[in-house]
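In this document, chain identifiers A, B and C correspond to the written order of the chains, with residue numbering beginning at 1 in each.
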Amino acid sequence: MLSRTAENLFWLARYVERAENVARLLDVAMRMSSLPHGPTDGPDEWHSAIVAAGCERSFYAKHERASAESVIDHLARDPDNPSSILSCLETARRNGRAVRTALTADMWEAVNATWLETRKLTRDDFVPGRVGRFLERVKERSLLFGGAAGATMLRSDAYWFTRLGTFVERADNTARILDVKYHVLLPKAEPVGGSIDYYQWTAILRSVSALRSYHWVYRDRIKPWLVAELLILRPEMPRSLMSCLGEIARQLEVLGQAYGSRGECHRLAGQLEARLRFGKVEAIFQAGLHEFLTEFIDSNTVLGDEIGRHYLF
Amino acid sequence: MRIRIRHETRYRYDGPVDYAAQVVRLTPRDHEGQRVLSWRVADGSGRMLSGFEDGYGNRSHLVTLARRHEESSIVVTGEVETADTSGVVAGAIDPLPSLYFLRRTEATTPDAAIEALARAQEGVADPVERLHRLMLDVRARVAYEIGSTSVATSAAEALARGRGVCQDHAHVLIASSRLLGFPARYVSGYLWDGSLTGPAEASHAWAEVRIPGLGWVGLDAANGVSPTASYVRIATGLDYADAAPVRGIRRGGAGETLAVSVEVQQVQAQQ
Amino acid sequence: MTSAFDEMGEQASPRPAYTGVAAWLAETPAAALSAKLDEAELIFRRTGITFAVYTEGGDPERLIPFDIIPRVLDAREWSVLERGLAQRVRALNAFIADVYGPQEFVRSGKIPAPLVLHNPGFAAEMVGLRVPAGVYTHIAGIDMVRVGPDEFYVLEDNCRTPSGVSYMLENREATMRLFPDLIRRHRIRPVSHYPEELLGTLRSVAPPAASDNPTVVLLTPGSYNSAYYEHSFLADEMGVELVEGVDLMVEDLVVYMRTTRGRQRVDVIYRRIDDAFLDPLAFRPDSALGVPGLMAAYRAGNVTLANAVGAGIADDKAVYTYVPEMVRFFLGEEPILKNVPTYRCSEADERAHVLDRLHELVVKDVHGSGGYGMLVGPHATKAERAAFAEKIKATPDRYIAQPTLSLSTCPTFVDNGIAPRHVDLRPFVLSGRDIKIVPGGLTRVALREGSLVVNSSQGGGTKDTWVLDG
């Protein structure tokens, strides 16, 4: 298939996934902001959402302070921010339109109808009290897109590149959501493992729809290293880094077999996957969770680039 | 006269370029008064470039570089044997009928000033004399000044400004000749400056006008003469855009620095 | 306009080709037709056939109206057209080959040299290039009009990049779905093999160096182009890649496309991009749609472009007036198809005649297309005619004039029932090693009462076009 088609499919899937994940990030921030706050003058959950979304520079160029209003506006609505949900949906549709004939009618419908809906929204739909409905809708439409791809696409290279896009982006986002916790300081008087800490970890689990899974897997109260283990290492958790990398490696392997050629992206995916498969959460915490996540995000970015390079995007 | 040429075009980009392509018209061909003894068009690594012939019969080459790079170059070297023909060009490859060269282009569309310039020598009956005077008028009206115009400057603009380079002289002369009903074309080439010893900057351009009874005659308005044995004729076209030595495009790279060095030397005949 | 020839004739005593359609119209209530019209619209919307019009406002993805009543040609009528079209396109190809080759037609004085050499459609880039099979217009759309039972005229030739063939195919598809019974009552020659014939034509003109299985691609300006639907439709139907400029690259004078399996050599490009945008190194330097170096590869004989660059010289409306002479000169035959009698404003006495009779003539810009830049004398106001007269005097070379033809009408389903509307016909002629013509073509219909302008950009619609067998 044309490299451009593969590239458009890859990015279509990435942007749909990114829209969903920015919605999830905002969800965490909103949950955290509703927790009891101690007196703190350090950065709060709104700042952390901006950092986790990788939008620090664009945000502070425009706003002085991270507040609920400014952050929600920047991450959900602002058309000048290429990573805002609206921008993601717009970019997703543009990519989709360019390869419309490679999409099934259901996938196109999922992308196009979402975009048409968002065009009717006004600024009022993005104020803190009302944005929840929009965020829910974004998640719903993204899940519909993924479902449509899985249920209607022919299993050929078009499907594999779409899947690659989804999982490269999802891995990136899970790592970022987990990293939010690093940036949100506990109020001074609060002990690690105290109730605020507990609620913050719970919020993260909820935002990736993993709270019940956590209980199911661990049958234990919320412990930071177990949350990290679930979201990083557990293969049965569908948004975990391990799951995503497993999928990436699998799709690349199918492509490698179909085309009879493998490259640096195959090696890199294998290496990243092996590191997660044989990783231990204790070691991760010892070396520092934030450091681990930062390094992972970088490697994952390189992996995305290498996929593009190998398939001539 | 035997002339040796070395022409190097070097691109340096600010930031990596993923793709660059150039079409170069830098190869002379044989006609009366010009014989190519040896010629080579290569890229920076010395690899010969793929050639083709354009619609004007200009020998052209395509360079494409589809991998990330920050600089590239084209190197042209060769030797040409020339003789003085008083500017008359005979036996050249000429796929287009001369009538074609009455066509107007954007760069050579005449305005009132060009029309006045062209009609100034109306009283002169002999076409050779008339065109010769026209050439000198063009030279008088457009002072030679490097950097005063760009490749996009039209004949009318150059005349209005009263300043220009050889390309502008050629365009003004072409525009006025066509207005008088003489087919005229643009020529790019090299000029060996005999007043200097050693190599010199020498890319040049002039015009050729079709004169009944004589055929195509070269007129170099920049120097006010017809080409001599010091001229090497390379490419022709309706205007600069057709005969441009290099035309390029690239993806990526914020800006580019272009370094062109042309060395033209007279080779002493072997005894 | 009431005197126009109606192709069906009286509903009570229709012309033979229309007996089936007339009977069907008589027995089908208007309400049923109306319901079918809605259904047709739904079919087209769902398949995504849209046509963007280059004017402001309006729905950017609007449909060209489809008229559900088919237009019918009988076998005898078609066989004359078919022979005439093949002949005309052979002559046009010979003419274009001559223009960029020996120029014998010019040199023998059959056509004024400046009309060719100074024509904006003349591409010096093509001079001296020999293209496979000597074919320049591989896909030609010849616009025909009819004024009487046996009177067809060629209105204009489209040798550059004629569009509309997807409507021909989709219209037939729609009729078959909407009116299977009506179809069954007739023996209609099929059109659905067009994409296959097109692919065969394109493959037959691959460069000599190509393998036995040459790679064909369709080059589109992209999804924002008004005819993008047609581009993707044809690429799908032929099973070839639909590429944009960025998908192609030239190296060592060979064209490649970038695929996920690596580079793949391209032999034939069915391009739906105008000449000016094909290659920024040869034409408009600001074109982002094209492929740098494409012309170099083309000149080197390593790729075939369909249609050839510079084929548009034959679309010029002044050049058109010389086509009958081309048929005689290049083929030694008498033209089967007639031109509309045309006055050349470039010639003084003809110009005087035109200026005298503006009220009864149609004046056209020789480089115009799509119905733009023309004056329909009888429908214009006095002021409009006076303004146009000034334009003709200022640049006479730019204009030709023709009598206002009384175009034939066909029964058409309009707001207040069935009424006659003027139609034209654009058959598509494929030229490769052989000439192929799919029976019929695209019928365009002027939906406004009395209107003679059938262009889709100016409110025209389309009809399914039937050629009956034997």
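A few comments on the model shown:
Everything that follows uses one rule, which is that a contact is a pair of C-beta atoms (placed from the backbone, for glycine too) under 8 Å apart; a residue touches a chain by one contact, two chains touch by 3 or more.
Just so we're clear, the structure is a prediction, and the values are computed from it rather than from any experiment.
Distances between chain centres, each the mean of the C-alpha atoms, put A farthest from chain B. No other pair of chains has as many C-beta pairs in contact as B-C.
Centre-to-centre spacing of chain A and chain C amounts to 50 Å, using the average Cα coordinate of each chain. The mean-CA centres of chain B and chain C are about 41 angstrom from one another, to the nearest whole unit.
A separation of 58 Å divides the Cα centre of chain A from that of chain B. The set of chain A residues touching two or more other chains is empty.
Residues 48, 222-223, 232, 235-236, 241-244, 246-247, 257-263 of chain C are the ones touching chain A in the complex.
By the touch criterion given at the top, residues 19, 21-23, 50, 52-57, 60, 62, 64, 66, 95-97, 99-100, 102-103, 237-238, 242, 247-249 of chain B touch chain C in their complex.
Interface residues of chain A, counted against chain C in their complex, comprise 1-4, 6, 97-98, 100-101, 157, 161, 255, 259, 261, 311-312.
Per the touch definition, chain C reaches chain B in the complex via residues 103, 106, 113-114, 117-118, 123-129, 249-253, 280-282, 285, 292-293, 296-297, 299-300.
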